[in-house]
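Presented sequentially are two complexes of subunit A, the first with subunit B as partner and the second with subunit C.
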Partner chain A sequence: MTIEHTHEHEQLMRASLDHCVKCTICETQCPVAAVTPLFPGPKFVGPQAERYRHGLSVDHSIDYCSSCGTCTLVCPQGVHIAELNSLARGAMKQQNNMPFRDQIISRTTLMGAVMTPVAPVANWALGVKPIRVIAEKVIGLHRNAPMPTAHTQTLQGWVKRRGASAPAKPGSRGKIIYFHGCAANYFELETGQKTIEVLEHLGYEVIVPKQGCCGLPLQSNGLFDAARKYVRKLVADLRTGGKDIPIVSASTSCGSMLKREAEEILGVADPELADVGGRMVDIMELLLKLHDEGTLPEDFAPMDVTLPYHPPCQLKSHGIGVPATEVLELIPGVKIKESGVACCGMAGTYGIKKEKYDVAMAVGKPLFDMVLETNKELALCDSETCRWQIETATGVRTVHPITIIHKAYGLS
Partner chain B sequence: MRKLEADVVVIGGGSTGAGVVRDVAMRGFKAVLVDRVDLAQGTSGRFHGLLHSGGRYVVSDPHSATECAEENEILKRIQADAIEPTGGYFVATPTDDPEYGDRFKTGAEATGVPVNEVSIAELLRREPRVNPKATRAFETLDGSVDGWQLVWGAAHSAEQYGAKILTYHRVTKIERQGDTVSAVICTDDKTGETVQIGCSFVLNCAAAWGGQVAAMADCHGVEVVPGAGIMIAMNHRLVNTPVNRLTYPADGDIIVPVHTVSIIGTTDQKAEDPDRLQISYEEVQQMMDCGEQLVPGFRQSRALHAWAGARPLVKDSRVSATDTRHMSRGMSIIDHSERDGLKGLLTIAGGKLTTYRLMAKKVVDAMCEQLGEQRECRTADEVVPGSEKHTFYSVSHRLHDREEDRLSEQILCECELLTKKMFTDLQDEQPLATFDDLRRQLRLGMGPCQGGFCSVRATGVSHDRGKIDIERATGLLRLFLRNRWIGLWPILNGDQVRQTALDDWIFEGTLDIGHLPQPAEEVLR
Partner chain C sequence: MRDAVVIGAGFSGLVTAIRLAKAGRTVTLLTKGIGGIQLGQGTIDIFGYNPDRVTDPLAAVDAITDGGHPYAHFSGTEVAAAVRYLAELLPDVFVGDPARNVLLPTAVGALRPTALVPTSMAAGEVTDGKKYLIVGLARLKDFYPGLVAENLGRTPLPGGGSVTARAVTVDFVAREGEADSTGLNHARALDDPDNRRKLVALVKPHLAEGEVVGLPAVLGIHDTAAWTDIQTQLGVPVFEIPLPPPGVPGMRINEALTRLAKDAGVRVIVGNRVVDHAADGTTLTGVVVNSAGSKTGHAAKAVVIATGGFESGNLHMDSYGTVTEKTFGLPLANAEAPLVHGDYWGADQPLFKVGVAVDDAMRVVGSDGAPVFGNLYAAGGILAGATRWREKSGEGIALASAVRAADSILGEAR
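So, the complex of A and B:
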């Protein structure tokens, strides 16, 4: 990508502000603006404020945007509101001193690599209130915000070590590349393991290339240059898994980064990215596709349960509907209750910041209430940080929908 | 009848009149300025917003070029709040002769206009949307200027020196006693009252209307030809510095960033009546084509509003009567004591906004000479009110201000980030103002929705505060919308159609403003 590409791309996003007719639909749907006056709202900071931007960044309140993307999704005129906001925030962060905290939390692989060898200590430390109070005061991570749980091994390590337990013969459905993302590698191995096992159960030969972070946390914290480096590296990593092989992901936001955001927000126009983005498929999307083709084994063990399910903001931006609901309801006895709310408030790393925590909790309140009313034992959500948010706020164990499929196939 | 006394009456509240009344007042004369409508409602508010560096005239009009270069520097010193010192570019597009650049450079050197040739890469770095196939580019000191703010600034300065500014005072007669001017008779159109201003001197600064004013003193045959030009404002800044075609001055040769919009201008057609300027379909298409030459994709961008202004060009026998573009851009002073045997009346016309201060100086010098008085002009040395801090305008100012007061202030006009307080403060100062009068000073309704949302808010707020009764509320709202729509019709296309359709649903569908109870007399001012 050249400098010209970035310019062209920014111009394209900026040009979309011409479509705004001030209808205010985005403002009525913004989950953040609904709970706090600190955020002036997507129309204000987006198509309106953009007309005033040149040179010096003067509107720091744009940082209250959580990047959930609801505004772009609901805009009937085609304004790239969330993308405009992300670009403006990137410029704002570049002009101001970036908090040390944002530098740290946006480097997920670094956090994972540091925490894994000392997992018990790290988990203990993150669970001890006085330490969290110090962390809040010193670096601005809210003391009550959900933190990931470190594990003593990584998913990559598990894949290498399981050797014998992996299926011996090549899958009948051919190869598939698994993009696990940082969360499954370091903090939520269970989701990664279960995704691999379900895919293998379906007859796929699962390839797990060594891979890094997609750069999304960097991007949502405005560190665009670093984010571009990360996503390009990841694209190269995934391509080592082989040509033309579908790539599956159980991490909605990271999948969306490759499908859409790296190009639309970071302006990465590499053909390699287009290749990987074109091959990306969400795990639940894949299962629904197999069901539609009539090749999904549907010998699910019945479960008599009603589960609250929150389709995360980032899933909506995939434009694939809500495949998890349809797939899960193939299991006899399973009833899915969709949350019907826009956002859990977490939005990646937004809700863990000291100054945003209360906003994030207020955004998520209707969701938390709905979860608690529906099922006090178990809730479902496709995105990892959203799961941590729901679980921390409600005390209800929250897992990826693949966990239920795994169980229904008798794999756990 | 109301009676006032003054030394000098200045007729016309455009840039020339405002500059003149400031100068006259600063030289110690008791001055009154009258305008039939609001300040800068005519030509001074209907241009493309360029603060000339002189670059435009280095080949065609070297004298004007030098004057522009000098005044550019002075205005930046005394009226920073009305000016954005953007710098500008002259660009040879692929269809322009690159050789012209050499004449441009030579002309610039001869006239003292600072220019600097830059590479196309440098041009594109600063102005990424400009035609990448450009062959040559020169940097200049062009800037962007808000005509309304410039004029109001000068008027406030004059008031500090004791001048009276009377808007909506329509001159009906200039009286004489023997061979000397003795009074100006006006009608205060807001109250209907007749106003007599006794005076010994009248400076006719009515520009394109100057012939009509001179006739009121029985000085007939002063020909000021209105050279009409259209301008189109685009929704956002397609460029951040004025970008000119590197050619001999022609139609559609410039795009200027003014506030949040970019303005393309302009055409030049001889008009019969400066109050009835037409905007033809052909002219709009011509501007869009010219825009496309400078900024590829211009045609797909959203046009907000079109308007026309009338250049006051004094008829010059050396050029054909219909070729208004090449009539003198310089100023002319007509001394009616020589021409018509009437002492105490000077008519000034021509010139351009950038040289308004200089024109004022020259005409006031001429007046002093006729009066036999020695009084020095000090307008170049003293900063006008509002610019004391020498802070230039910047496009991000209002966004910055709203960032500061966003938790306490309600926003009235979202497109232009105008708060309710800004609106009500000015309304308190100017209680008789129409919404258009307030618009010119505050930019109410000048953004993408063209009053679609803020006009009803402004009306509601004004009525709530008891500033207007219900009939005036209806009348002012309709007047404001009518004036917005005049500028919308000629450019309705693309995104602006969607907006206008939505606005129309609001006004006709929901509010049914076409059938609101009619005031007995239509509100026009």
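So, the complex of A and C:
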């Protein structure tokens, strides 16, 4: 078994290794290495270990990388540390046989499709301790890890059946395609509904093409071939929404997959992907852009509240800064306290694995403390699995920032 | 349209951005990654060698005769004001007088001149007759107390006199099960008061009358009370000795300044390079970053380039010896070959003086002295004409040019 660097982009990733000056800035910022000696740090398993791999995996510690991407973000030399480590981990998993668990949890659409028709039963089962203990022993899903809540309806179903709540006439700002991702479709309809309603309130005509999973969970678990199939299918799905129409997402990790990761990690060089990635905009990025242009309606209802907000790792990798903080503080009375923490620990599916759960909770601890100190009722975060992690760890309801905008516009 | 875009997040970029934002300007700070502050010592060097060791750095600034040196644009008083501006931004972090260099022991026991020092390093100042106990931590492999103590003890002080120093090593467990913990993990451990008590208990039996205690600079990272707590418990003056990068004292300063920038309203965007710019004649209208998926334009009335030089990769030398400035393709001063000579221990390599030339307003100028763009300013390590590592002038140049660039922008906006 060898690591195949068949794609031009993978070669480019490897070439970036030469830019590493061993300054160790990545090591100082890695949230996993900070809490466990099991992970020696991104430079150690990346630019350093890569020299010894020669196509083969040389150690198992790389499995403890959570793929949060902080190392790449903070690298002042432009080394694609996280991407290289994802590639090396993929090779390591191929070499050492993929656990069955990683095959299941990385197929979010499958989980959603199975759970939605039997939502009450699925939710009940995931809430029953003995069942979770068995799941931990048999497949290695930690018994206390957050699990999504299934709904009896999908977002796609809601869009089809909403009828009267849909706007009567097309908006004045033109069309926009909404990429909802699996989580909003199956597990967090509220985020999807509120995103659509805010966009419509702003005057957009929202198109919601039928769409599948971006393949990110597969990629994080090293299943690159399957991930490529998923992302190519999704790109085709989104392109059915129309040419040159902007695509908006409220799911930062799935948005980042289309903007960046499918190309940089999976080596997908299709022009169709570049087209979709180039049109992709995060919902809060869009609102800040409208504000900068002076076209965002700012007739927000005042709210006297201080809210803890965690910008997720995958949002930071967009290279757009932290737009939610500025947008939310346009609401009179709203004060946002940014977490200042690199990661919540969950990092997609990392924190639900039996052997990683304690690490993930230790990574998230400063964030959980900060949330509890700031507001015991409500916290904000742009990414789904991070919200589930924060909510499960702290008991504080955690929602997407769009929920607050929705309320401030008087839509809820 | 922002009032200013600042590129780079070291001392010069952060201080320019903070000064502009505090004056009410809208500022976006673009940075490829974390800036270089944590790769430094955590001290503010103004002028250490010119070429001999300098005692009054401000007088040395005033005495500059080389018109191509960054300090040629400043008086000593102006440099002092810029350094004090930083000290006021970070109250209780630094002590010292910009007009007086102190000598601090390095991690190899050499004497290094610097001006402002973190409060946690002040007790290390080398003075005649001082007695040092240098404490090593067995699991921290970047610090050899014997090397520090022996070199300190055998070095005659400038102007005469000497110090005495001895070394001990204690086995402090920074992280259970680890024989080789990083400096940063030691610092994280010492954020915990329990661990500080353990360290104090290990060091206390070694104390002797009249000594100051030198420890590697790992005395806490987030808990600003860590050093004072250890000093109080030991009951003697305690000081930190900076280690090779990543330097914990620099990390503390970097985190504090970055937080200050965000609190002042600076829009900080990390993770992407500036790859292009837009201009209307000789006026820049904005810059373009390669954000994920698509390039993003950042329109601005003024742009400050504070990228640093070769260290950040913004100055690049190819295999033919040609140096280019990667962000804007700016004209470079001192870039004529030969830039590197083969005498490793000989004279300074000319390479280090390559950079952009500026006018007194910190506007980037071409070889004819005319501004390249009327609204493009430069600050910090990208400025031509100084060999910072030898002069020990990096922070002083960064701060003076940052304050000047910001004030030029503020002045023109008035």
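Simple rule for what comes next: the second predicted complex is superposed on the first by the 403 of 412 C-alpha atoms of A that agree within 3 Å, B and C clash if a C-alpha of one lies under 4 Å from a C-alpha of the other, contacts with A are read in each partner's own complex, and residues count from 1 in each chain.
In the analysis below, a residue touches a chain if its C-beta (ideal position, glycine included) is under 8 Å from a C-beta of that chain, and two chains touch if they have at least 3 such contacts.
Everything numeric here is computed off the predicted structure, so don't read it as measured data.
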Put the two structures on top of each other at subunit A: do subunit B and subunit C fit, or clash?
fit
In the superposed arrangement, which partner chain does A:260 touch: subunit B (first), subunit C (second), both, or neither?
second
Have a look at where A:278 lands relative to subunit B and subunit C in the superposition and call it first, second, both or neither.
second
With both complexes superposed on chain A, which partner does A:190 reach: first (subunit B), second (subunit C), both or neither?
neither
With both complexes overlaid on chain A, does A:205 touch subunit B (first), subunit C (second), both or neither?
neither
Touching A:19 in the superposition: subunit B (first), subunit C (second), both, neither?
both
Using the touch definition from the top, say if A:391 reaches subunit B (first), subunit C (second), both or neither.
neither
Check whether A:338 is in contact with subunit B, with subunit C, with both or with neither, and answer first, second, both or neither.
second
One more residue to check, A:358. First (subunit B), second (subunit C), both or neither?
neither
So, does A:317 touch the first partner subunit B, the second partner subunit C, both, or neither?
second
Subunit B and subunit C, closest CA-CA distance after overlay, in Å?
5
Shared contact residues on subunit A, subunit B side and subunit C side combined as an intersection?
19, 21, 23, 37, 77
Subunit A to subunit B touching residues, read off their complex:
7-8, 11, 14-15, 17-23, 37-38, 40, 43-44, 48-56, 58-61, 77
Across the complex, what residues on subunit B touch subunit A?
128-129, 235-237, 240, 260, 297, 300-302, 394-396, 398-400, 402-403, 406-407, 414-415, 417, 447-449, 452-453, 494-495, 498-499, 502
Subunit C residues within the subunit A interface of the complex
28, 31-36, 38-39, 175, 177-178, 182, 184-185, 188, 245-246, 251, 259, 262, 267-273, 289-294, 296, 311-313
Residue positions on subunit A within touch of subunit C in the complex are 19, 21, 23-25, 27-29, 34, 37, 72-78, 256, 258-260, 277-280, 316-322, 326, 338, 340
